[in-house]
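For reference, the structures are reproduced in the following blocks.
In what follows, subunit A forms one complex with subunit B and a second complex with subunit C.
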Partner chain A sequence: MGKRSVIPFGPQHPVLPEPIHLDLVVEDEKIVEAIPNIGFIHRGLEGLAPDRDFQKYLYVVERTCGICSFGHGLGYVESIEGIMNVEVPERARYLRVVWAEMARMTSHLMWLGFTADAFGFESLFYEAWRIREKVLDLMEMTTGGRLIYSVLKVGGVLKDITPDMQKKILDDLNEIEKETREMTKTFLDDYSVQTRLKGVGVLTKQQAHDVGACGPMARASGIACDMRMRGYEAYSDLGFEPVVAQDGDSYARCEVRINEIFASIELVRRAFEHMPKEGDLSATVKGNPNGEYFARIEQPRGEAIFYSEGHGKPNLDRFRLRTPTFANLQALCETLKGAEYADVPILILTIDPCISCTER
Partner chain B sequence: MGKVKKSPWLLHYDGSSCNGCDIEVLATLTPVYDAERFGVVNTGDPLQADILMITGGINQQNAPVVKQLYDQMPRPKVVVAVGTCACSGGVFRECYNMLGGADSTVPIDIYVPGCAARPESIMDGIMKAVELFQKRSDEHDQYEKEHKGEAGPVDPNINTARDKVKMQEMKGAADA
Partner chain C sequence: MPEETNEKKAVRQTGSNTIVPVKADELVEKAVEMKKKGLRLSQACCSWVNNQYEISYSFADDQTLDYITLRILAERTATISSISEIYPYAAFYENEMEELFGLNIRYIDLDYHNRLYRIKTKAPFLPEDQREVATDETKKISAPDAPETQKEDAN
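Entry: the complex of A and B
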């Protein structure tokens, strides 16, 4: 048995895009225990809920995170619509699905880039981000923003996708799919990439269940949990199937996320097929929220839970948000046990950490 | 941008941003926007960095981290605040945990507005920072030339002319 020592990792570290601090207890090169310390990005935005009008608070919630901003907005408006029993027009529900899936594509492509960067494959990192820019261009064309979209409102959406835009999106998606398939070959078949991913950080199905992992992390361990199966918005009409892998290692997580990009492309296509050609974009919302509601939606990183409570005033009394990375941090500590020190950056990245979501 | 003799290295630290500006800073460095053609390169090591880019505001917990990163960087250095939150605190200004924009902790030279700041404006900020770095670097060389042979390097507490004035003000306030 070697000597134990503690290596601090973060908050500022070349591989980390966001600050998180881990105390790694190591024995020789093996990690015995990892103790996370979070709170470097804590802003306390849930505390702003009583000071803001519930319609305007949406723009604060969207800024919980710049990557999953659409998902956060969607969960919040769902929770308010749940309290007020608002019936969202059908076209708006489909438009929400389109934007949510395109946001998922940008997020997964970004993650692929970061992972490539973590194992030192710079050109692959650049390639993933180049494809991501094409999806961002489509988002910018339809919503006007690259990362923070602000197209949602309680009761519907603010902007429409015209037939011209729809044609352009479908054309570009073909191109994006083709390019992503080419890039996928390197991620899944390349020998040097496999040596860094295969068998690294295995999380068994039982472990994933015990620590309460969610999203691609749980799906890569063989648990078919995906909130989209709940059929919120228009997902119930689109015949959604979750993407699952069995191995539970970093390679499986990579595989799940890559296949989810293709699944999202397919969902966008189907949404355009089923979408009513015209119709209202939003329903009228009268009065103030009175009651409480839990909304659960699937974000790029997993299941997010939104709780809103209001008592007939323009301001909410309480807003609570549980984000997927918070659940997956436990899974990270589990996978780090017994791992090699050199694999730590990859393991941190395979949970797709979104620290600003976690700390709010 | 005038003639630049040196290639400054960039250090990026995410204060308490929502990730939006954070990702845009990285997007600026990738080939589509390619800020590296201006001679900058992204580094993770504060000891080798010349330009510090801060995204997001400052809260109680990360204030010492930002301060430490700033102190670890060698002189001369330039600090860029990217995004509305880093400039003023943004939508989170009234949150209980926030101290305010990045200028509440370290002196900021260049402010890049936007929520999230667009890659084009970040690039503009980088170009201004490169120019300013060149100017400071010239001043630094000039100072060393004039004080050649004197023991020790430049006064460790003085970074720029602006800091010098600030220090005198602080000293005056302490004396009064």
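Entry: the complex of A and C
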């Protein structure tokens, strides 16, 4: 047995978009154990719930994270609607799906850019982010925001997508799909990319289950679990099927996220096809939440859980958000075991960590 | 006893989630049952409602998409046993409950000793008059060492 040393990794590191620290126990450049450490940017957003009106607290929840803000808002309003038995109008449910899927595309394209940057493929990084800009433009056109969208409300949505906007979205999605397919060839077929991703950080199906992995991390290991299968909002009408890969390595995780971009494009098309031509955008919400509810939705990084508990007052007694990265940290530690030290940055990125979400 | 507390002692359904009340000393045994059924620990969290803890451990069935939450009602001074021996990834959730709510949890596999989030205020999510209640001395003796980084931060 070689000499074991502990190498501290992070929280500041060129490859890390956000602060996480790992104590890496290494033996001859191979990692034998990784002890994660978070808490550098904890903001206590959950603790604000008892001090805010439940309607206004939505704006706090949306600001949990700048990448998946729409999903956080969606999960929160679902939890309140669950407590208050609010029936969301059909058109609003479809609009929510459209925005959720476009937000997923921006997140996955951003991740592809970060990953390309991590293995030094700068032109690929630019290409992924160039395509992402087009999706962000569509979000800006329909919601007015590029980061925080603020189009949700308890009981429905605040804005509509007009027929002109719909046409523009569908035209642009054709273009985005074509350009993403071109980029996919490099991500999945290029030799230099494959050498950095194939066989790196393998998480078997059993391991993924044992460490409680969720989202693309679990699906890349063959676990066909996606909260959209529950059929919340309008997903039950759209024939949704999860994207799954079997190899469990970094390449499989990349493949799953790329294919999810295409799946999202298809879901937006189907949503527009099935969406009622007109209808209310929101239902009337009376009173205050009295009860508790667990809402589970599929964020770009995996299953997110929103727990709300109220007792008839305007303020909730407790709001709890369990983010996918929080669940995937253990999976990260598992993939790091036995990995080369040089692969650590790629492995951290392949869980698509969102530490801002994690440290609500 | 308030009517609401009685209601919380019964099995009930909220959406697709089944809430099953359990006693604190039954938690580990119930967690083993969940593990045997092949369920995934989906989340664990804590609330402070009506002057007592409401602790929730939620388990997901990825085949059927069912969701079961074990609910424990506990007093401020109560101590519960960690399930991190059964579900190793429960450690993060339990450290979070311990630090934010001052809940006493014994035998957490990876115990950060209230240094997960580096918050100076003790049990910040509890009402102020509940924060200074004594912690469980037996936990201090039996808990394994904190990771090196936390020790340095604490110094």
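Quick notes on this one:
FYI, the second predicted complex is superposed on the first by the 360 of 360 C-alpha atoms of A that agree within 3 Å, B and C clash if a C-alpha of one lies under 4 Å from a C-alpha of the other, contacts with A are read in each partner's own complex, and residues count from 1 in each chain.
The working rule: contacts are C-beta pairs under 8 Å (C-beta built on N, C-alpha and C of every residue); 3 or more make two chains touch, one makes a residue touch a chain.
Note that the structure is a prediction, hence the values are computed from the model and not measured.
Judged by the touch definition given at the top, the superposed model places A:Val202 against neither subunit B nor subunit C.
Look at A:Leu24: by the touch rule set out above, it reaches neither subunit B nor subunit C.
In the superposed model, A:Met139 lies in contact with neither subunit B nor subunit C. Applying the stated contact rule after C-alpha superposition, one finds that A:His13 touches subunit B and leaves subunit C untouched. In the superposition on chain A, A:Leu281 makes contact with neither subunit B nor subunit C.
In the superposition on chain A, A:Gly39 makes contact with both subunit B and subunit C. In the superposed pair of complexes, A:Gly47 makes contact with subunit B and with subunit C alike.
Counting contacts as defined above, subunit A residues 39-40, 42, 44, 47, 359 meet subunit B in one complex and subunit C in the other.
By the touch criterion given at the top, residues 11-15, 17-19, 39-45, 47-48, 51, 59-60, 63-67, 69, 110, 113, 125-126, 129-130, 133, 145-148, 354-357, 359 of subunit A touch subunit B in their complex.
Subunit B makes touch with subunit A in their complex at residues 13-24, 26-27, 30-32, 43-46, 56-57, 59, 61-62, 65, 69, 90-92, 94-98, 115-116, 118.
Of all the residues in subunit A, the ones that touch subunit C in their complex are 6, 8, 21, 23, 35, 37-40, 42, 44, 46-47, 82, 209, 211-212, 223, 225, 227, 229-230, 291-296, 303, 305, 307, 309, 311, 317-318, 320, 322, 326-327, 329-330, 359. Interface residues of subunit C facing subunit A in the complex, by the touch rule stated above, are 4, 14-17, 38, 40-43, 45, 47-49, 54, 56, 58, 60, 62, 65, 67, 69, 87-89, 92, 100, 110, 115-119, 124-125, 147-150.
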